[in-house]
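Several structures are given next for inspection.
After this come two complexes, each holding chain A, first together with chain B and then together with chain C.
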Partner chain A sequence: MGSRSPGVSFKLVLLGDGRVGKTSLVLRYVNNIFSDKQEATVQASYLTKRLVVEGVPITLSIWDTAGQEKFHALGPIYYRDADAALLVYDITDSDTFVRVTKWVKELKQMASKDIVMAIAANKSDLVRLKNIETQEAVSYAESIGASLFVTSAKAGTGIDDVFSDIAKRLLEKRKNSADGLSPPQPKKGILIVDDEPEKEPPPKCCS
Partner chain B sequence: MMRWGSSGQAADSFYQVRPDCSQNVPSTRFKIKVGKTLSVRKWHAAFTREGCLDIASVLSRIQRGGVHPAIRGEVWEFLLGCYDPESTFDEREQIRHRRRMQYARWKEECREMDSHVGSGKIVTAPIITEDGVPIKDPLVLLEAASDTQATSTSSSGAEVSDSPNRVMDKKIIEWKLTLHQIENLSKLWDILAVYAWIDKEVGYCQGMSDLCSPMIVLLNDEADAFWCFERLMRRLRGNFRCTQQSVGVENQLQHLASIIQVLDPKLHDHLETLGGGDYLFAFRMFMVLFRRELSFGDSLYLWEMMWALEYDPDIFSTYDEAGVATHKIEGFKPKVKSIRQFGKYERENMKNGANDGDGPVPISVFLVASVLKENGPKLLQEARGIDDVIRILNNINGDLDAQRACAVALKLHKKYLKKLQGKKT
Partner chain C sequence: MGELQRLACLGVPDGGAGVRPVVWKLLLGYLPTDRGLWPYELEKKRSQYSAYKEEFLLNPSEKLRRIEESKLSRKKELNIERIGLLPRLEVTNEEHPLSSGKSSLWNQYFQESEILEQIDRDVKRTHPDISFFSAKSNQESLRRILIIFSKLNPSIRYVQGMNEVLAPLFYVFKNDPDPSSSASAEADTYFCFVELLSGFKDNYCKHLDNSSVGIRSTLSKLSQLLKRHDEELWRHMEVTTKVYPQYYAFRWITLLLTMEFSFNVCIHIWDAILGDPEGPPDTLMRICCAMLILVRKRLLAGDFTANIQLLQHYPATNIDHLLHIANRLRGTVAS
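Moving on to the complex of A and B:
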């Protein structure tokens, strides 16, 4: 796997309602640009970002998906093998937060592995007056083992934090599994009996 | 590559790019070619004194070299079935007048429900709750009527209004709930808002703006642009009827799968092994008709070639009979037309009886097939997972050759029909 680039690579998928700013977040993060007139994503687009966490070079393959509810059926093809999900909602629109909770539910049920999650409360630049009410969102994030970051793709705030949080946790997880589980051990209680001679070699080499 | 001699005139200058968007705009390959492109002179010469159009001569030009940008809007109105080529100038003027009035009425109806419609402003946050309670002070983006883009946002914490003006009509709530999802250019926003109101089954779906924006560029009058878009949606609205479980383009994806299976079984097997047997990775090409794979100028060129190739002279009457926003009625043929009045692709289908059964396969399926075929070696060599497939196809970004794609699509179509015939006998 890691032959394409040095270090470790992870697949990150962005999920969230339409027009909450997923593409803008990614474009701000990867290319440091922002457009007021960002066109809607149809299907999904793909970007990579290289970063170094604790001395380890990491490549994030970022999948930015189309958010509108109508495209919901496309979700699985992107989160299927994802290592992490960044769930984005629009801080000015509570419905988009509800959508995040729906995605989380679906991810927990459907995603193939224990996926690392973070939540971005985007468009913080639009809320001028009151301090941003994220209490509910913060405790929700805690309850699912994710952190919540208040972001603004327009102002460029909070974005590096959320991505590096994901990267750090991914790395940690990879380390832990590398310490304890590799080479993959058989589950407890299952005894592999090696008495039969090998009938045929495994059909494919898939190292 | 520069070619000498018949290189033709570049067409990019006809479409202005906003200065703030000039970065990363792919350049257009389309060239206005003498003797191939439908010229202004040839177009005007194709009308009789009363205004009946010799559609056959027009089609043959468009299929070879597209339409001169100066007349694109008016030509498209015929290609998309807004008007019948056999009608007169006067008849069309009446229809145009009637339609403009109709659009104005619909827009007014929408404006009465929500005053942002037609105001030059657009909403970017919900204006209503699902129970129909208006949200006070939604985020509204002011878009100056001119192109100076003096945007300012009036914002505050969105609050649910205390006023008793709760909306009870479910249809209106549904419509209002879609408004803040529409993309943010005021004319585009107005047209899509009105469309969402008259075609409630489809409403608004991301990608529709890609299809609508060229109409606004080509047709000065907002109502005329709306009607061109509405006719285009007749062909494509099925694509936008997605549900939680399925996407609207499924039918076309299935056709695509069987075409690739017949024409390039190796590629099909490879894609299937990678978990792409559903061909969902080709979704975007169908949804926005290659708008993202081509430069702006080239997508216009590709579209007009497609519509010319698919042209059915009864398109106007079928749409007109069917009323607003319903599917084309299959098998409805009011008058016998000469074969020359049909597009080349359509003729091929008629010859082979390929229009029977589920109806014709749109040419877009063969265009996607041509893109896959062209990228076949790369897909076979480099794609190790479905992610790679999507990445390779995404990288086409603005780089597809419309002329070539069309030529290859027609070849594949012929080959496919031949193979099917071979199977039948």
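Moving on to the complex of A and C:
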């Protein structure tokens, strides 16, 4: 601690409604732990993760923000100069997807113009209770130039993918701007699904 | 009372007589200083709490059923001879569950269900490592207190983390060796929670965030206090490494340090917070400042990342020493 980290560093902010699993995602990613009883976040917590992308050592500084509306007013300080935003929703709760779209609007107005965005469709282990069609979310992600990943902090799936995708795109962007090239076209939305943790069960006879 | 405050600041002894519940109730002004008034005062407050439970915790169909019941019993008295007719529950259009009328009890009920769900989830996540808080009946008590608070304080309602502030009070009162006090712990906790929050609730009000009494101004008070007592550390924190109080002290302040130390240690710190004659808000501020001064060497050697991580995961520490430092800052919190 305290020493300057080598390579490139980027600032990433996690945004999303309360209890969609932001803290769980980031704790799984950084410390590879998961708890069913994660307490509510009332103050953004700061974590760092080192990774290597295409031979380049990268440090991600991650702000895991609080989800409850009350804490919203304190949000801008965390995303204002962020290089990337990971927007998280809970696949079993369609209100949390609506909240993602609101965050995107706010980011477009307030954050850096070329902020890299990704969406995590979290809690994929609860696919039985799914309330939002993945395809709908993919189309939305495509429309805002974000990538969408299906994740489960509980099962530990999709998480490395979403963070390394963000890191790759950040690195690419930095290279392009260092080379003095025009910024790349916004990427098309892509969907990356890790191993399905749970098969969708056959419809039960319920008439 | 002054003597009691002085003693409480030194820490209420854990063993023996189990006086902490009574001490905290006195310090919070829930119990009057005249002991002769206790039975009357407690009786009054506890029955008031029962009335709150009646009013706020019944679901609409139960409420309507009770209204109908009282109507019916009146009718029965009037038409005692008309036996044989089955009484029909009269549900007015306004009170139908599917009615969208604003005054519909059901409409209010559904609007509030989101908050109830939030309270429910947070209560279940309160100190899951302590068996006391996993007990169903204790979770129910915490839940009821938070619901009643949210209904009686519509400008704050429920803010995440209130469960953490509630937990030490309920734990202390429920474990009162006097069985009659323990049995009424829920009601007593409710009123003490209200007392305690009266000094802090502006921090929870979103619309006060930018005012002179909201959380931002509380955070800048801490910053001023540090500057006054340790300008070198203040400069390193806020000018050199840009580690602002918002990043670490937001939780210290809004949750009254409940998440920074182990539960038992937190209860000791609360003895001082509740007992200090300067009052809980200023005392809390001095303790927060002392927490920074206590780790100043590490902070002065640290960069942004190291310092934020140190303060977001505050190291285990000698509490008497911490409170001693906080004591030396007495009388200096800017108002």
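Assume the second predicted complex is superposed on the first by the 171 of 207 C-alpha atoms of A that agree within 3 Å, B and C clash if a C-alpha of one lies under 4 Å from a C-alpha of the other, contacts with A are read in each partner's own complex, and residues count from 1 in each chain.
We take it that contacts are C-beta pairs under 8 Å (C-beta built on N, C-alpha and C of every residue); 3 or more make two chains touch, one makes a residue touch a chain.
These numbers come from a predicted model, not from an experiment.
Enquirer: Given the superposition on chain A, are chain B and chain C in a clash or a fit?
Expert: After superposition on chain A, which the two structures share, chain B runs into chain C.
Enquirer: Would you check which partner chain A:110 touches, where first means chain B only, second means chain C only, and both and neither mean what they say?
Expert: So A:110 meets neither chain B nor chain C here.
Enquirer: Counting touched residues of chain A, say whether chain B or chain C comes out ahead.
Expert: B
Enquirer: What is the contact status of A:18 with respect to chain B (first) and chain C (second): first, second, both, or neither?
Expert: Both partners, chain B and chain C.
Enquirer: Once the structures are superposed on A, label A:126 by its partner contacts, choosing first (chain B), second (chain C), both or neither.
Expert: First partner only.
Enquirer: Touch check for A:90: first (chain B), second (chain C), both, or neither?
Expert: first
Enquirer: A:52 in the overlay: touching chain B, chain C, both, or neither? Say first, second, both or neither.
Expert: neither
Enquirer: Share the list of chain A residues that count as touching for chain B in one structure and for chain C in the other.
Expert: Looking at chain A, the two contact sets intersect at 18-19, 37, 39-40, 42-46, 61, 66, 68-74, 77.
Enquirer: Which chain A residues qualify as touching chain B in the complex?
Expert: 11, 18-19, 35-37, 39-46, 61, 63, 66-74, 77, 81, 90, 92-93, 95, 126-130
Enquirer: Considering only the defined contacts, which chain B positions touch chain A in the complex?
Expert: For this pair, the touching residues of chain B are 21, 124-126, 130, 139, 151, 153, 155-158, 180-181, 183-185, 205-207, 209-210, 240, 242-247, 280-281, 283-284, 287-288, 292, 385-387, 390-391, 394.
Enquirer: How about chain A: which of its residues touch chain C in the complex?
Expert: The contact residues of chain A facing chain C are 1-2, 4, 18-19, 37-40, 42-46, 48, 61, 66, 68-74, 77.
Enquirer: List the residues on chain C that touch chain A in their complex, please.
Expert: Touching chain A: residues 118, 121-122, 124-126, 128, 159-161, 164, 204, 206, 209-210, 215, 246-248, 250-251, 254-255, 259, 301-303, 305-306, 308-309, 312 of chain C.
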